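Next come two complexes, and both contain subunit A; in the first it sits with subunit B, in the second with subunit C.
For the complex of A and B:
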C-alpha cells in the first residue's frame, strides 16, 4: 500500500519541488520582446478558406497600446482600405464608397477580411503584464526549443480572452504557441509562432499561424515581411484625416 | 315517430334546453379554437415559406449544414444552369434564386460621419427581370408604406423599424458593410427607394432588400446563389408532392461526396417546421378528443338527471306495456335530435366567430417585439371546410354517448315493482 501511495504521490511531489522561475518575470520579458514604443510592420496574411486561399498585404503603424493604423495594399479589392484604432475605437475606411465607418460592440468580434483574426485581435496591443496574472504550470520542448508553459488569467475585465495558455521559449522569451480561451473555458483560438529572429536587441517571431477553433480550415498565416521598432511616426498618421488620404 | 319526439323536445324545454346549450358551447369552442389555431399556424407556415424556406429549397450540402450562419462562402456556384435544370425537371414549381446576407448598415450624417448604425439582415431577390414573381410572393407592394420598389441598381428597401431607429427617409444613402463570398470586406452605398412594413417583427426590425444583381456584385457572387427556392404553382404546400421532388432531385447527387453538391430540402424539414406541423395536427385532434370526453361526461350526468326527472314517465310507459328497448330507442333518437340542434347552433356561432376573427384578427404587435420567428403581428383565424364537421360530429356523438350510458338505467327497472314505485 505504501509503495502504491509513493508511486502516486512521487510525481506530484517532484513537480511541486521543481523550482520554476517567477511567472511575472517571464511575461515581463515576453512583453519587452513583443511590444515597443512604436512599430512599423509590412505584412502578408495568407487566409486559407474552404474554397480558396487569399493573400492580403498591408502596412501597419502602431504607437504604444492606444494607437494603430493599417493600410491594405493588395489585392486590388482591398487596396486602399484603411483601419485606424485610437484608444478603444476602430474606424474602417473604404475607398470604393469613400465612407468611414466606426465599429463597436459585437462587430469587433467579427473576422478581419475572412481571416482567423478578429478586429479585437488586431486592436489588442496591451502588454500581457497589464492584462493577466500568470503562473508557470510546466515545461515542454517545442521544435527543439525548451519552453515554460504559463497559464494566464485575466486581471482586468475588458480582455478578449479570459484565459490564455502560452509556451514561452526559455532562452529567448518569445511565445512559440498560445491557446486562447473564453470565460466558459472553451478553446477559441490557437496560435503558433515561428521563424523567431533577432531584431536589434530583441527576439521576434516573423510568422504566426492563427487558427479559429470555431471555423474549419487551416487557419491564417500572418507573415511579417519587415518590422521596425521605435521609429518616429508622424502624428497625422493616427488621425481620421489620414484615412481618406 | 321522429316527428312526435321532435315535438316533445320543442314543447318540453326542460328536456332539451340544457343539453342544447352545453352541446352548442362545446361545438362553438371546438370550431373556433380549431379555426383560430389553423389560421395562426397557416399564416406562420405561409410566411415562413414565402420569406425563408420556400416549399422546397436547394442549397449546397455544406451551406445547408450551417444555414443559420448564412455561410455565403459555401453558396451554390453555377446557380443559373442549376436553376434552369430545376425548371425543366420540375415544371410544376417556380424556381427563384435568393441571397441572404448579414452585416452592418451605417447611416452617414451631413459631415460624412455616422448618425447611426445597426446590424442588418439582407435579402437579395430578383426585382429587375420582372419575371420572378418575387414582389408578389413577398407581398412587397402592399408592404411598402413609403416610396417605391427598387427601379435601378443600388436602390434599396429598408424595414420601417430599422428606418425609424436610424431616422432614415426616402432618398437617404446608407452604407452596407459585410463580407464577400470569399471573405473580403464588402462595402456598398445604397439609396433608399422604399420603406416596408411586413407586419412581421423579424422582418421589419433589421431587414434590407436589394436586387440580386447588386448583391452578386457586392458579395463577389457572380453566378452564385445561397439558395434556390421552389414554390408550387398551386401556391399551397403539399408535403407529399414536396417529398416526391425532394427524393427525385437528391437521387441525382446521392453518390456525390462533394460537400458543395446541391441538396433539396422540403419545407417540413426546415426551421423545425416538422414539429410545428405535427403540433397543429396533434392540437386539432386533442381539441376533438377532449371535447368528446368532457361533453360525454357532462351529458351523461345531464342524462342521469333527466332520467331521474323522467323516472315517473318511464315507469308509466313501462306500465302501459311499452318495451324497454323501445323506450331506450326513443331516448337515443331524442339524443340524436337534441345533439343535431345543439351542433347546428354551435356550428353557426363557431363559424361566425371564426369568420369575424379571420376578417379582423387580434393585433399582437406589442407582444412580439424582439421576436425572431416568422410570426404575423395580427393573429387571424382561418375558415376551412373541415370546420363544418369538426365540431358537429363530436357534438352529436357526445350527446348520444351520454344518453346511451345514462339510459342503461331503463333496463334496471322491474315491472313487478312499478306500481309500488309509482304509488298507484
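For the complex of A and C:
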C-alpha cells in the first residue's frame, strides 16, 4: 500500500519540487526585450488568403502605446496610405482620394488589410506586467531552445485576451510561441515568433506568424526588415499634418 | 353637343382600322399605368405589413447613442431603461460578433431578444423550449450565406463590456423565413438573458420594440420612432420607384397621343370640304372645333373600353396569382417578397382614365384650333388656307 501511495504521489511531489523561476521576473525581462519607448519598424506582411497571397510593406513609428504612425510602401495599390493612431483614435489617409478619414476606437478591432491581425494587435505595446498575473507551468524545447511555459491571467479588465500562454526562451527571454484565449477558454490566436536576433542589448524576433485559430488558412506572416529602438522620433510624425505629406 | 358625339362616333367608326390602332396603343398605355402603379401600391402595402409584423411593431424606442445605420454606434449605443418604463416594450440588445461557419470568418450581429415576446413574428418561443447552452435563431438569407441548418453549431466570437474576447458555440435551433432582410442577413437571435451573461451588460438594451398598447413618453437618453416614422423611409423609397417607372408609360402615352395628334392634323387637312359644309349648314366655328375635339378625345374613351376588355382579365389574374420576382429584396436592401400582388384602387383607375381623357382632349384640340381661322368659302372649295 505504501509503495502504491509513493508511486502515485512521487510525480506530484517531484513536480512541485521543481524550482521554477519567478514568473513575474520572466515577463518583466520579456517586457524589457519586447517593449521600448519608441520603435521604428520597416516590415513586410505576408497575408495568406484562400486564393492568393498578398504582400504589404510598411514603415511604422510608435511611441509608447498611444502614438503610432504607419506608412504603406508596397504594393502599388496601397502605396502612400498612411495611418495615424493617437490614443484610441485612428486616422487613415488614402492618396487615391486625397482624404483623411477618422475611425472610432471600434475600428481598431478590425482586421488590418484582410490579415489575421487587428489594428489593436499591431499597436498593442502595453507591457505584459501591467496587464497580467503570470505563473510558470512547465518547460518545453522549441526548435532546440529551452523555454518556460507561462500562463498569464488578466489582472485588469480592459484587455483583449483574458488568458495567454507564452513560451519564453530561457536564455534570451524572448517569447517563441504564444497562445491567446477567450474568456471561455477557447483558443483564439496563435503566434509563432522566430529568427531571434540581437539588436543592441536586447533580443528580438524578426519573424512572427499570426494565426486566427478559428479560421482556416495559414495565417499572416509579419517579417521585420529593420527595427530601431528608442530613437528620437520628431513630434510632427504623430500629427495629422504628416498624413498628407 | 349630342350631335357632336353622334357625329364623332360615326366618323370614328367609319375610319375603321385607323381608329382601333390609335385606341389600341392608348389602351396599352392605360393598362400599363394601372398595372405598374398597382404593383407599386401592392408592394408598398405588403412591405408595410411585413415591416410592422417582423421589425417595427408599433415603433422603436432607441438609445440615443445608437444609430441603426452606423454599426460603430453599437458598441456604446445601449443603456438601462428605468423599470417603470418597461411596460409594453420588448428589449433587444445588439452586440457585434465574428462568426466562423466552416472555417470562414464573417462578421455578424448577435441580437438578444426577450424570448417571450409576441410583438414581432420572429419565432422566439423556440428559444424558450430549447435545451441548448446558447440557442439561436437565424433567417433563411443568413442560413444560405453561411450554409447553416437546424441542429448545426456555430462558433461565435464576441467582446464583453470591457472589450475582452470571448468565444462559444451557439446551436441553431430554428430558421425563419421572412421578407424583411433587416432582421435576417448577418444576424443571430438569441435569448437576451444569454447575451447579458455573455457580455456582462446585465439589463442593458440597445432598443425596444413597442406593442400596440405602448404610449410614448419622454425618456431621457432614449428616443421614440413611431411605426409611421419607420415606415416613411420605406414608403418614400418605394414611391421613388413609382416615379422612375413612370418613364415607361410616359413614353407609351406619348406614342398614343402623338398618333391622335397626327390623325387630327390629317383630318383637319383632308376634311376641309366637310368643315366648310358644316359651317355653311349653320354650325358655328366653335361647334366644329368642338366636334373635332370630341372626335379626338373619343379615342381615349375607346381606349378605356378596349383596355378594359383585355386588361381586366389580365390585371385580375395578376392580382390573384401575383408576379414572381427572381431578384430578392435583400440585394437592394428593402422589404420585398418573392411574389408581389398588385392592388388597383378606385382612385388609381379613375385617375388614369381622367389623365388619358384629358391628355387626349388637349392633343385633339390643338390641331382643331386651325378650323376657327378657316374661311368657309375657301374650305368648301377645298383650298388650303
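To be clear about the criterion, the second predicted complex is superposed on the first by the 238 of 245 C-alpha atoms of A that agree within 3 Å, B and C clash if a C-alpha of one lies under 4 Å from a C-alpha of the other, contacts with A are read in each partner's own complex, and residues count from 1 in each chain.
FYI, a contact is a pair of C-beta atoms (placed from the backbone, for glycine too) under 8 Å apart; a residue touches a chain by one contact, two chains touch by 3 or more.
Every value quoted in this text rests on a predicted model; they were computed, and no experiment measured them.
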Three-chain arrangement built on subunit A, subunit B and subunit C clash or fit: clash
Partner chain(s) touched by A:183 [first = subunit B, second = subunit C, both, neither]: second
Which superposed partner A:87 touches (first subunit B, second subunit C, both, neither): neither
Partner chain(s) touched by A:76 [first = subunit B, second = subunit C, both, neither]: neither
First (subunit B), second (subunit C), both or neither touched by A:115: first
First, second, both or neither for A:160, with subunit B first and subunit C second: second
Which superposed partner A:99 touches (first subunit B, second subunit C, both, neither): first
Contacts of A:49 with subunit B and subunit C, given as first, second, both or neither: first
Residues on subunit A lying within both footprints (that of subunit B and that of subunit C): 103, 106-107
Interfacial residue positions of subunit C with respect to subunit A in the complex: 72, 75, 96, 98, 100, 103-105, 155, 157, 159-160, 162-168
Residue ranges of subunit A in contact with subunit B within the complex: 47, 49-52, 54, 77-78, 81, 92, 94, 96-97, 99-103, 106-107, 110-111, 113-115
Residues of subunit B defined as touching subunit A within the complex: 62, 73-74, 104, 106, 108, 112-114, 117, 119, 175, 177, 179-180, 182-185, 187-189, 220, 260
Subunit A - residues contacting subunit C, complex: 103-107, 109, 154, 157-162, 180, 182-184, 186, 188, 212, 214-217
